[in-house]
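Shared between the two complexes below is chain A, which pairs with chain B and chain C, respectively.
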Partner chain A sequence: MNNNKKNISSSKTDNSSPSGEVGRGVAAIQYIDLYRECRDMIAEHSASLLNAPREQALADFERLGFPTQKEERYKYTDVAAAFAPDYGLNLQHIDIPIDPYQVFRCDVPNLSTSLYFVVNDRFYDKALPKAMLPEGVLVMSLLEAAVKYPELIGKYYAKQARTHKDGINALNTMFCQDGLFIYVPKGVVVTRPIQIVNILRADVDLMVNRRVLIVVEEQAEACVLFCDHAIDDHQFLTTQISEVYIGENAHLELYELEETHVKNHRFANMYVDQQRSSSATIDSITLHNGLTRNRTDVTLSGEYAETNMYGCVIADKQQHVDNNTLIDHRVSNCQSNELYKYVLDDEAVGAFAGRVLVRENAQKTVSQETNANLCATDTARMYTQPMLEIYADDVKCSHGSTVGQLNEQALFYMRQRGIPEAEARMLLKFAFAGEVLDSIKMEPLRDRLHHLVEKRFRGELSKCEGCRLCK
Partner chain B sequence: MLEIRDLHASIDGKEILKGINLTIKDGEVHALMGQNGAGKSTLSNIIVGHPAYEVTQGSIVFNGQDLLAMAPEERAHAGIFLSFQQPVEIPGVSMTNFMRAALNAKRKAQGLEPLNATDFLKMMRERRKIVELDNKLANRSVNEGFSGGEKKRNEIFQMAMLEPTFSILDETDSGLDVDALRIVAEGFNKLRTPQTSALVITHYQRLLDYLKPDIIHVLIGGQIVYTGGPEVATMIEESGFDQFIR
Partner chain C sequence: MEEKNRDNELLREIADKKYEYGFTTDITTDIIDKGLSEAVVRLISEKKGEPDWLLDFRLKAFRYWQTLKQPTWGHLDMPEIDYQDISYYADPTAQKGQGAKDKGQEIDPELMKTFDKLGIPLEERLALSGMAVDAVMDSVSVKTTFRDRLKEQGIIFCSITEAVREHPDLVRQYLGTVVPYKDNFFAALNSSVFSDGSFVYIPKGVRCPMELSTYFRINARGTGQFERTLIVCDDDAYVSYLEGCTAPMRDENQLHAAIVEIVVMNNAEVKYSTVQNWYPGDKDGKGGVLNLVTKRGHLRGRNSRLSWTQVETGSAITWKYPSCVLSGDGSQAEFYSVALTNNYQQADTGTKMIHLGKNTKSTIISKGISAGRSQNSYRGLVRVGKNADGARNYSSCDSLLLGNKCGAHTFPYMDVQNPTAVVEHEATTSKISEDQLFYCNQRGIPLEEAVGLIVNGYAKDVLNKLPMEFAVEAQKLLGVSLEGAVG
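On to the complex of A and B.
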């Protein structure tokens, strides 16, 4: 299988003496060369709608390269360093042998979902859930959708995730060949949560460029849960670009749970567009990872829309989690509420930069942004930067952040009652993170996550053994 | 039960306790009175192992064990309980989870199985009655948003749950209204047995009228300067501490 992949290391040696490549760096050049070499192969194993923006993306990537830490939004993560090592790419779309149902037997008490798998960048369609989705609802391969429903995909694909300003968007657009498409047509309410288990599976170090498109049309409702896993002990690098459209009066709950391993690098950019009177709940939970950078941009395009964005990060060892968010209030009468909490242990590094932008005509905006962090050791580092930019005058907005240690008084109080120190620390961390978990509307999921987070704090989740939500 | 010998202790290099000697036998209730800043809370904190205080000299032996060598939680498992002068609020930790963790840690130390959920909740209900602690409080986070008096009542509720053999009540009466004081004091008396002892720190006679201590000590400037019977409380009530200052 190894032979059938393009290994980017070969391109790297070809370009050992780049000229005039200032600013782009060696890491970027490898990918440019790889793309040039393999563009036909990439296109051949994808669809024309996905191929269409590639050349522009290449031009943009050639100009931008990887973001550097001088760029405000990439200040806290060294992107080029993460992309520099050699990874294999499965550009020929070779089948990866796996039966996800063998790996993940889903049995969350009281939580019945419509369960789907995406293996690396490919939707797993060999066995689909028995439970029927409501009429017209699609959960399928993006590649297949681009062929079967070109109008739908053509309307939404690569419209929000622009390549001209973001090197990672550009790179992903150059290389991505497949991914996931979820479509909920007008007025349809999907009561059963749609659960997507992303599995990283490889016999070599692997790079995956995955694409997600979610369209929830007006008056439709859905709840989508993503669980990210890496089942092989290899270095993984994933770029995932998600574009989400929420129509008028539509409601979407979206949960993303990362539970991978320390050798995983994840770069995920999500763009959400909300129309009038819509609501979105976006929960991002990083339970276990290597290096993660999540960017979440929400655009409030229609009045009376509401966004609730929550994040919970638990990191230890040398794990690195960087969440970068933007809530763009473009019109009046919208509400946004954002809460991110980090619990950092050992030498973990956390970063949070959350920008709330209230544009000139976004009157009557109500917005609240909070980032609270707990550093359990002196060596854990947290960078926090909540930003509120207001150009309208009639608004109600607040923002704030805190970085603290465990409350020593509380710790002693608990120990006096006989609770051993380690347990007391665990309870305090759990209490701190619990506030975010309480925001989860789906009760069985909330209970399950409480349980998982507790296990995580007890050190019982140190490696990824499959979907803990399911096991 | 408890034997303190020539105890010296300091905080941030400042000596606060300057040679305390105190022996409390099984079944006895002692009271400790003294001016603000005399070192009463310091003594209680040292008995329960607060890490901020440094013992520079002396010893504390509890039922034959060298207390100073034990971690705070081990002291708790050995049967020591402190009703804090200022109970701590722990947002996000429910009273139920807190009590369950405490109780089961103690049971584990005693080689017992954890209590099952039904028995635990039944026990919570029964013990709550002893101090008439509102069910609503028991369902909240530990001390969070509790009034001053409710916090004190909650301390004695925890004592009822953990059944210590030696309890320190550090100004448990302060903040309690007259009815609450009676309820809490009567609750404490219900928990007494010939095998349990206590050290009761207070500024007022009213609590002592309920608890009827065997012995009263007067602590001034880090030393016990006077020890007597119940009459000492009246002496202090009437003429203050000047009479004890040599």
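On to the complex of A and C.
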């Protein structure tokens, strides 16, 4: 399969740049050249709805390039450097021989989920579980959906994730061929959580451009759990654009857990649109990773909508985690609540930038934003930037952030009672991160995550025994 | 009761006054031609009779400035500034020969009157005791009072031009060491064309017996003010320094790009207070001063202390971040700010606390008040360096919104590299509590007064840090600036 994979190294050598230079232009030009070269191949293995916005995206990407650190929203992550190395792209839609059910058993004990796999950017449809989903609910490949339900995809695809301002959106729109589509029709309540396991699997360094579209219509309810894993010890680069629509009175819980390895680079942009009286819970937990940048933009476009965002990051070695959020209060009477916690060790770099925007007529907004961080070494570095931008006067908004260390008195108290220092420190850290995990509504999942986090703190690789890395 | 009525009348009078410093003084002023070039830099230096090293400093800064572009990252809607359409030097004392520069020579009575009208008497017998004033109009220092009395203790308090002439070694040693000319666009501009500001040197172990203050006044049309202030506080010394400023009402934007540098040595303490009341522009946002200032203090010594207190009510645009570099072990810095914006005013202000030494502490208290159609942003950086063991910071930024067309924004940045540091930030934004207003109304306090009362209470944490005379002034100012904002 390697032969069939389009490697971008050729385009890189064409462009004779000074060796070692990882300039913004150089990295971007590689991808522009690659797209021009493979434009037909990309289109051939995708659907017309997905192909439609590509040319505009190319024009935008040519204009924008990769965002530089001079741009306020990309201040803490060097994007161009992450995209500069050579990656293979599976543009020809080659099947990757894998049976995820065999290599992977990442269950949540006591929680039965409707389990699906996405391998790289492909929805795995070889052995689908028995349909446990209520009628009308769709969990399927985006590519297939674009063919089968063009009016549905046409209505929602690439409407929120615009390409004219963000280089990563533009790049993903140019290259993405497939991904995941979840649809919950009007009034349907999905009681069983939908679990999506994203598996990165390759025999060479690989770039994956994945697209996710989630539509929850009026009065519907769903809970979706994403687990990100990489089962091969190669360099991975993922761009993932998710667009989420939550209709009137609809409720969505979304959990994202990243458990990859140090060679994984992830750029995930998520756009959420909430209608009247809807609620969304977005929980993102990063335990193992290389370089992660999550951007989450929530637009509250109907009154009485409520958003809860939680994040928990545990990072050591040279992990880099950058969470960038925006909550846009466009209308009155909405509520938003954000809580992010970081525990940094070794040479890890953490960044949190959360912006709450309250527009002129968004009166009676209630918003709270909290970011708390623990830095354990003098080589770990934390940037935090909670921002409020308020144009309405009848609002209650607050934010707080702290960077500090474990409470010495609490440590002393525990040691006095015979708990060894290392154990006491671990307990405190665990309790610190626990606040975020406690926000998870599903009890089995909460227990599982507590367990994973504890294992993480104890320095164990919290993988299940099933995957290839653990064997 | 009668007394209360009188008080109310007084308040109303103040409220109706609007901008009371908006008059112009009709005085012959020596203004150089508009435009900025190397020749202009040389001309300014020549007019001030400067030594070669200072001219070199200006030229280096000017050449560097030419390579820069005006930054745009502020949360501000800034009109284009045509740097060639400004005159960089205006001397109102020119008519009478050397003006204040020759001691004993009479000051133009017009100038005396102007400062009297501003409440800054230049005659020592009339002045409030315990306050020495350096009065600066446009590009020139008109007079510095109480110099002789201060001299007895070895304190140097004069305009920077005189300091260059009389204490060149001291100036040369410190000028540009806290804010280098390469610091930013406006610092480079100021370094090339700066005119008078104050120079203060407090020798070892001296506690300055009176408040030192500088009063800045822009008068001439089509000019900008580019003053430069340098304060050096040697070991174990103490000084409290105040700064006030006003400008006439004009429908053009006038540029004010100053630099303030403060050096604090071992165990020394400096208090720097500002009541900024530049002309804010009219009700429709026309005119007003663009206040683009670089202020920074360097806490070089062990256990040194610096506090910035600012009350910002004026200026069409305020864009400044009085900062502290805490490199001495155990040094402490404080920043207290009230920024009030009304009508179309815009402010993007805050502070930077750079912790480099061990066991350094900083406190930031910022209170923003927005009314009318104004935009008020707090932007602050707290950086804790690798070696700053035990650094501690507490920041609290509150915003109050008075009206539904204005904006209040908070952009705190924290960058922590040391595991023993404790950094905290909290911020809230809200409007005036209706319960509090109702309570006041119920007890017969009219709406406007109630708002004034609540705003003053809200700003009290900061106002309490100001020296007595200024606190009274600042409270009045808050009232005046809010005029028309309620209802």
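Basically, the second predicted complex is superposed on the first by the 450 of 471 C-alpha atoms of A that agree within 3 Å, B and C clash if a C-alpha of one lies under 4 Å from a C-alpha of the other, contacts with A are read in each partner's own complex, and residues count from 1 in each chain.
Rule of thumb we're sticking to: a residue touches a chain if its C-beta (ideal position, glycine included) is under 8 Å from a C-beta of that chain, and two chains touch if they have at least 3 such contacts.
The shown structure was predicted, so the numbers you read here are calculated from the model rather than taken from an experiment.
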Discussion item. Just to be sure I read the superposition right, which of the two partners does A:268 touch: chain B = first, chain C = second, or both, or neither?
Written reply: neither
Item to complete: Considering only the touch criterion stated at the top, classify A:419 as touching first (chain B), second (chain C), both, or neither.
Response: first
Worksheet item: In the superposed arrangement, which partner chain does A:375 touch: chain B (first), chain C (second), both, or neither?
Response: second
Fill in: Touched partner set for A:403, first chain B, second chain C, both or neither
second
Item to complete: Have a look at where A:392 lands relative to chain B and chain C in the superposition and call it first, second, both or neither.
Response: second
Practice prompt. Check the residue A:428 against both partner chains and state whether it touches chain B (first), chain C (second), both, or neither.
Written response: first
Discussion item. After the superposition on A, what does A:254 contact: first (chain B), second (chain C), both or neither?
Written reply: neither
Item to complete: Give the label of whichever partner, chain B or chain C, reaches more residues of chain A.
Response: C
Worksheet item: Is A:383 contacted by the first partner chain B, the second partner chain C, both or neither?
Response: second
Worksheet item: Can you list the residues on chain B that touch chain A in the complex?
Response: 48-51, 71-73, 75-77, 81-82, 84, 87-93, 97-98, 101-103, 105-106, 109, 141-142, 158, 162
Discussion item. If we count contacts the way the header does, which residues on chain A are in touch with chain B in the complex?
Written reply: 407, 409-410, 412-421, 423, 427-428, 430-432, 434-435
Item to complete: Quick one: which bits of chain A touch chain C in the complex? Just the residue numbers, please.
Response: 72, 360, 363, 373, 375-405
Worksheet entry | chain A contact footprint on chain C (complex, rising order) | 73, 75, 384, 386, 399, 401-431
